[in-house]
Amino acid sequence: MNFASDNVTGIAPEILAAIEAANDGAVASYGDDPITQRFQARLAEIFEHEVAVFPVATGTAANALGLAALTPPWGAVFCHEQSHIAIDEANAPEFYTGGAKLVPLGGADGKLSAETIQRLLPGGLGVVHHAQPAAVSLTQASECGTVYRPAEIAAIAAIAHRHGLAMHMDGARFANALAFLGCSPAEATWRAGIDALSFGATKNGALAAEAIVLFDPARAQTLALRRKRGGHLFSKMRFLSAQLDAYVADGLWLRQAGHANEMARRLARGLTQLPASRLRHPVEANELFVELPEPTIAGLLAAGFNFYRWDGPDSGCIRLVTAWNTAPESVDALVAAARELART
Amino acid sequence: MNFASDNVTGIAPEILAAIEAANDGAVASYGDDPITQRFQARLAEIFEHEVAVFPVATGTAANALGLAALTPPWGAVFCHEQSHIAIDEANAPEFYTGGAKLVPLGGADGKLSAETIQRLLPGGLGVVHHAQPAAVSLTQASECGTVYRPAEIAAIAAIAHRHGLAMHMDGARFANALAFLGCSPAEATWRAGIDALSFGATKNGALAAEAIVLFDPARAQTLALRRKRGGHLFSKMRFLSAQLDAYVADGLWLRQAGHANEMARRLARGLTQLPASRLRHPVEANELFVELPEPTIAGLLAAGFNFYRWDGPDSGCIRLVTAWNTAPESVDALVAAARELART
Amino acid sequence: MNFASDNVTGIAPEILAAIEAANDGAVASYGDDPITQRFQARLAEIFEHEVAVFPVATGTAANALGLAALTPPWGAVFCHEQSHIAIDEANAPEFYTGGAKLVPLGGADGKLSAETIQRLLPGGLGVVHHAQPAAVSLTQASECGTVYRPAEIAAIAAIAHRHGLAMHMDGARFANALAFLGCSPAEATWRAGIDALSFGATKNGALAAEAIVLFDPARAQTLALRRKRGGHLFSKMRFLSAQLDAYVADGLWLRQAGHANEMARRLARGLTQLPASRLRHPVEANELFVELPEPTIAGLLAAGFNFYRWDGPDSGCIRLVTAWNTAPESVDALVAAARELART
Amino acid sequence: MNFASDNVTGIAPEILAAIEAANDGAVASYGDDPITQRFQARLAEIFEHEVAVFPVATGTAANALGLAALTPPWGAVFCHEQSHIAIDEANAPEFYTGGAKLVPLGGADGKLSAETIQRLLPGGLGVVHHAQPAAVSLTQASECGTVYRPAEIAAIAAIAHRHGLAMHMDGARFANALAFLGCSPAEATWRAGIDALSFGATKNGALAAEAIVLFDPARAQTLALRRKRGGHLFSKMRFLSAQLDAYVADGLWLRQAGHANEMARRLARGLTQLPASRLRHPVEANELFVELPEPTIAGLLAAGFNFYRWDGPDSGCIRLVTAWNTAPESVDALVAAARELART
C-alpha cells in the first residue's frame, strides 16, 4: 500500500474516458480545437473571472512558466524555504525566468506570513545593485499539508501589490486546499489577490496535465511564446485539454480531492491515538507528517507500506500522502499495523 | 479530409490500449518503473547499441534538449535554413543551449550537403571572437519530405567529427525516413555517425511522446538534469513510456510510417498525372509539395480538403501531408477532385 | 607600421589628460558624479534630443546590452551576415538577449537594403511557432568600410517601425561614418529612425569606452539593471565618463575620425594607381579592402607592414585600417613599397 | 572626508603612471601583448603556482565569470547571506552561470563555517529534482571586515572537495585580507583549497581592474569564451594589464592594503575609547562597523563626514571604510569630532 506520493497513482476513470472520447477524427493542432476552448470557458466560469489558460504537462513547467510571466531576470521571488519551486525543481524557475533569484524564507507549517513579507519590502526596489523584488509565491496546499486561508493570502497580497510585486500560487494541490477551505475558487485566488495560479491536476487523477491560469490577460501576452519556446506547447493539445476538462467537469476535481483529504484525516485520527505519536503540522489537505517510534516506522516499512522518512534515514518523522484513489481499507490497514507495532 | 499535417491525427489504437494497460496500480514515479525500463531495453535492441533514452512529450523539447547536450552556449549549430529547429521552435534551441547560434544553410530538397559543411569548417574554432562550431543537425525525413541516405549522413558526419562537432538528428519523422530507406535503425543513425536522435512518435500515432536517444552515454550525464530543469520530467512517466513502448513493439512504428509513405506516393501518382502539376521535391516520406493551377487549389479548398499553401496566399504550391491513418479513399477523393477541377 | 586594426592604437592625449584630471579626490561611485552628468548633458546637446546614456567599456557590451533593450528572448534581429554582432561577438547578443536569434542577411558592400527587410516582414510576427521579428541592426560604418546615408537608414526604419521592430545601430565607428557624411548626429540617428546606438570611442582614441545611447527613455527603464547584471557598471564611473566627455568635447571625436578617413582615402588613392589593384568596396570610412597581386601582398608583409588578409591565407584581398593617429608618412611608405613591389 | 567606500577613491599614482607608460605605439589587441604576458608571469610567481589569469574591469564580472567556471546552470553555490554575490550584484551570478542557485547561509562576522557546509552536504547531489551542490564561495576579506584564516578555508575546502564542489573566493579586498594575515598568497588560496579567485585591484588603487585567477588550468578552457561572450574582453587589454602589473609589482598592492588596514585600526582604537561605542565585528581589514549614540552619528554626518548607516535610517550602527589613500589626519579628525560629540 503506497503512501509515498500522490503521483504514484494512475489516471482517474473519468479522465481516461475523456482522452478516449477526444480521440476521434482529425482536429486542429496546438490548441485551436473545441475541447481546449471548452475547457477555457469552463475555467472562466469556475473562477468567475476572465482567465488566460495555458495547459502544460508538468507542475514544474506550470510553476516555472508562470513565474517567468511575473518576474524579470533581475527579479527576486519570495517563497517558503521548503517550497517545491525552491527545492524540487532543479533550478527550473531560474531557467525560465532567465536567472531570477528565489529568496527562501522561513514560516511555520510551510506557510509564509504577511509579517515576513512586510519586513523584506521594499528591499532593493529601485536600487541597481540588488535583485528587484518582483513576486511572492505561495504553495497551496503547502509542502507541510497545510492550507492558507483566503484572509492570509489577502494580507500578503496587499503588501506585495502595494510594492508592485505579483502574487503566484503553486496549486499542484489546489483542489485539496479548496476542498479543505470550502470556499469558492475565486475567493481562494484572485479575490485574495492571486495573479497567476498553477492549477494542478496530475496528482489528483490526470495522466499529466496542469494549467497555468493568469487572472490578468495583459500578463498573458508573452506566455504563449514562452510556453512554445520551452517546448511545452502540445501539437495534439486536445488530449491535454480533455484531461483538464473532465477534471473540472461535474466537480470531479473537488470530489477526488475531498476524498484524499478525508483519507488523510482518517490516517491522522488513527495514528494520533498511538501513545508516542505526534503530528508535526495540522492535517488540512492530503499529507501528514507524523513522528513515530523508530520500531514502528521500521516495522511498517518491513510490512510493505510505502512512504518517505522526512528528516533523513534516522529520523523519527514520516510523510504519508493520500490520493484520490486511496482506499479506506489501506488506511485502516496501516493504522492497525502501526497499533500492533506500538504495542510490542 | 485533412492533409494539413500529421499532427492533426489522434492516437493509434495500440498506443491508446497501452496507456490503458499501464493504468494499473501504484507505480514509482519519474521513470523508475518497469514500463520505462522495458522501453529502454527495447530501444537498445532495436538500435543494436547501448543508448541513453529520455522520453519527453514534444518534438521541440526533444530537439532543444538534445542539442543542449551537444553544444555549449557559445557554440554554433549548422542546420538547414528550412529546418524545424531554425524556423518553427520559437528560439527553443537558443533557450535550452543557453544562447548557442543556429547557422541556417541552404541545400537542395531540404537537405544539407557534405560540401556545405566542409566549406564552413574549421570556421572560428578556437578563436575567442567567434561562435564555436559544435554540432550539425539533420532533419530526417527533411522538411521537404526527402530522406538522407546513410552514405550522405556518413559523409557529413565524417567531416563534422574530424573537427570535433557532434551530429544531431531531428527525427520527428524518423519512422517515415526509415520506412523509405528500408535499412536498419543502426545504419541510419550511429553507424552513419549520429550522436543524438530525436525519436519522434507523436506525428506517427502517439498521444504526445518522443524520445531523446543518445548513443554516447557520456553525453547523457547531465541530460537528466536538463530535462528536469526544463519541466519535461513526467511524474507519471509510465504513460509516456507506455506510448513509446507500444510504438516500437511489433514494428508498429514502421508499419504506420510505411502506410503514410504509401499514401503520399499514391497522392503523387495521382496528382502528377494532371497536366499542369509539378512536384517540387522527390516524394520519399509522407509529405508532398506540388504546384497546381490556382483554380485547382482554390477548388480543392472550397471542396473542404484541408492543407496549407506553402509560399504564401497567392502561391501555386501546396503541401499535403499523409499519416498513419490516412485512408486510401481520402487520397483517391482528393485526386479525383483535382482531376475534375483541372478539366474545367 | 600597423594597419591591422584601429584597436591597436593607444589613448589620444586629450583623453589621457581627462583621465588624469578626473583623478582628483573622493567621488561618488557608480555614475553619481559630475563628470558622468556632464557627459550625459553634452551628448543630449550633440544629438539635439533627450537621451539615456550608459557608458560601458567594450563594443561587445554596448551592442549586446543595447540589443537586449530592444528584443525579447523569443525575438529575431535582422543584421548583415558580416556584422560584428553576428560574427565577432561569440554569441554575446544571444547571451544578453536571453536567446534571441540573429538573422544573417546578405547585402552589397556590407549594408542591408530596405528591399531585403521589406521582403522579410511581417515574417512570423504573432505566430507562436516562429521567432518574433523585433529589431534591425545596422553597422555604421559597416564592416566593409561603407556608410549608410540617412535616407537609406530612414527607408529601412520606416518598414521596421511599421511592423513594430526597433532600430539598432552598431556605431563602433560612428564617428568615422559621421565624418564622412558631414551631417548632424541627429540626422544620422533618431531623425532617420534609430532607437538605440552603440556610440564607439575605443577605436577612435579612448582607453576603453563606449556609450549605449537610447533615444527613447522608456526603453532605458531596465537597461541600468541589465548593465549591472552584466558586470558592466563601473564603480569608478568617472573614469569611463571622463574618456567619453573628452572624446566629444570640442569635436575631438570628429577631428580624429576625419583624420583616419583622410588617411584611408590617401591609401586608396595611392594603391589604386597600381596596375593590378582593385578596391572591393567604396572607401568611405577608415577601412579599405583591396585586391593586390600575391607577390605585392607577401612583399608588404615581409617588409613589416601589419594587416590582415581578408579571405584566408591564399587570398588576393587585404584589409587596411587607418586610425586617429595614422601618420601620412606611414601611408606613403606603404604605397611606395607596394609600387616598388608591383614594378618587380 | 569620505569613509563611504573604498571605491570613491581614484587611481594610485604608480598605476596611473603605468597606464601612461603603456600608451606607446601600436600593440596587438585582446591580450596578445607583452604587458599582459608579464602580468600573468608575475602572478604565477606571486602565487607560486601555474595560474590562468583573466583581467576584467569590474568585481561583479570577476565573480560572476569565475563562478560560471565552477558551476553548471543546475548547480547550487553556497555563500554567506551578506556576500556581495548574493546581495549586491543584481543576479549577475545567476546570469553568467545560466541560472544556478545561490544558497544564502548565516555565519558569525560574515564568515561561513565548516560546520555549516558539512551539514548541507551531500544535499541533493545526484538527485535529479534538486539543485546540484557545485561550489562554495568565500568573501575575503568578508563583508563584515573580517578575514578567514587559512585553516578555516582549508577546513571548508576539505569538505567541499570531498563532495566534488569547487572553492571560489571573492577577493575584491584580497589584498586587505592578506595584509592582515601576513601569510603568502599561496597559503591563503590554493594551498588552502581555493580553485578560483577574484583578485581585486579597483578598490585598492586601480582605475578599474580585477583578475580572475584559476589555479586549475583545465577549468580555464572555456573561460576565455565566457569572458568574450560577456563583453569583458578588452581590445586594448594592455591598459587593464598595465594597471594590474603595476599593482602587484614591488608589493604596491600589499603596501596600500596595509595602510588601509592600519587606518581602520586607528579608527577603531579612537572610536572604541568613546563611552557608548561598540564594534560589531573584529576589525581585521579596512572596514569597521561601529555602534554609536544617534546624536554622535547625526553630528558626524552634519559635520560632513561621509559614511553609510548600516541597518537603515534609524540605526545606531555605521560602516566606515578606509582605503589606500586615507590620510591619518582624516581618521583623527573623525575620532576627534566623535569624541567632541559624545561629550556634549
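Worth pointing out:
Chains here go by letter, A, B, C and D, matching the order in which they are written, and residues are numbered from 1 within each.
We take it that a contact is a pair of C-beta atoms (placed from the backbone, for glycine too) under 8 Å apart; a residue touches a chain by one contact, two chains touch by 3 or more.
Bear in mind the structure is a predicted one, so any value in this text is a computation, not a measurement.
Both chain C and chain D are touched by A, B. Ranking all chains by how far their C-alpha centres lie from the centre of chain D, first place goes to B. Computed from the mean C-alpha positions, the centre of chain A lies at a distance of 34 Å from the centre of chain B.
The mean-CA centres of chain B and chain D are about 51 angstrom from one another, to the nearest whole unit. Centre to centre, using the average C-alpha position, chain B and chain C are separated by 42 Å. Contact of a single residue of chain D with at least two other chains is seen at positions 73-74, 89-91, 95, 98-99, 128-129, 132, 225, 228-229, 233.
Chain contact summary for the complex, chain A toward chain B: residues 2, 4-5, 7-11, 16, 19-20, 22-29, 56-65, 89-92, 95-96, 202-203, 207-208, 225, 228-236, 239-240, 306. Interface residues of chain D facing chain A in the complex, by the touch rule stated above, are 73-75, 87-91, 94-95, 97-102, 104, 128-132. Against chain C, in their complex, chain A makes its touches with residues 30, 72-74, 98-99, 128-129, 132, 222, 224-229, 233.
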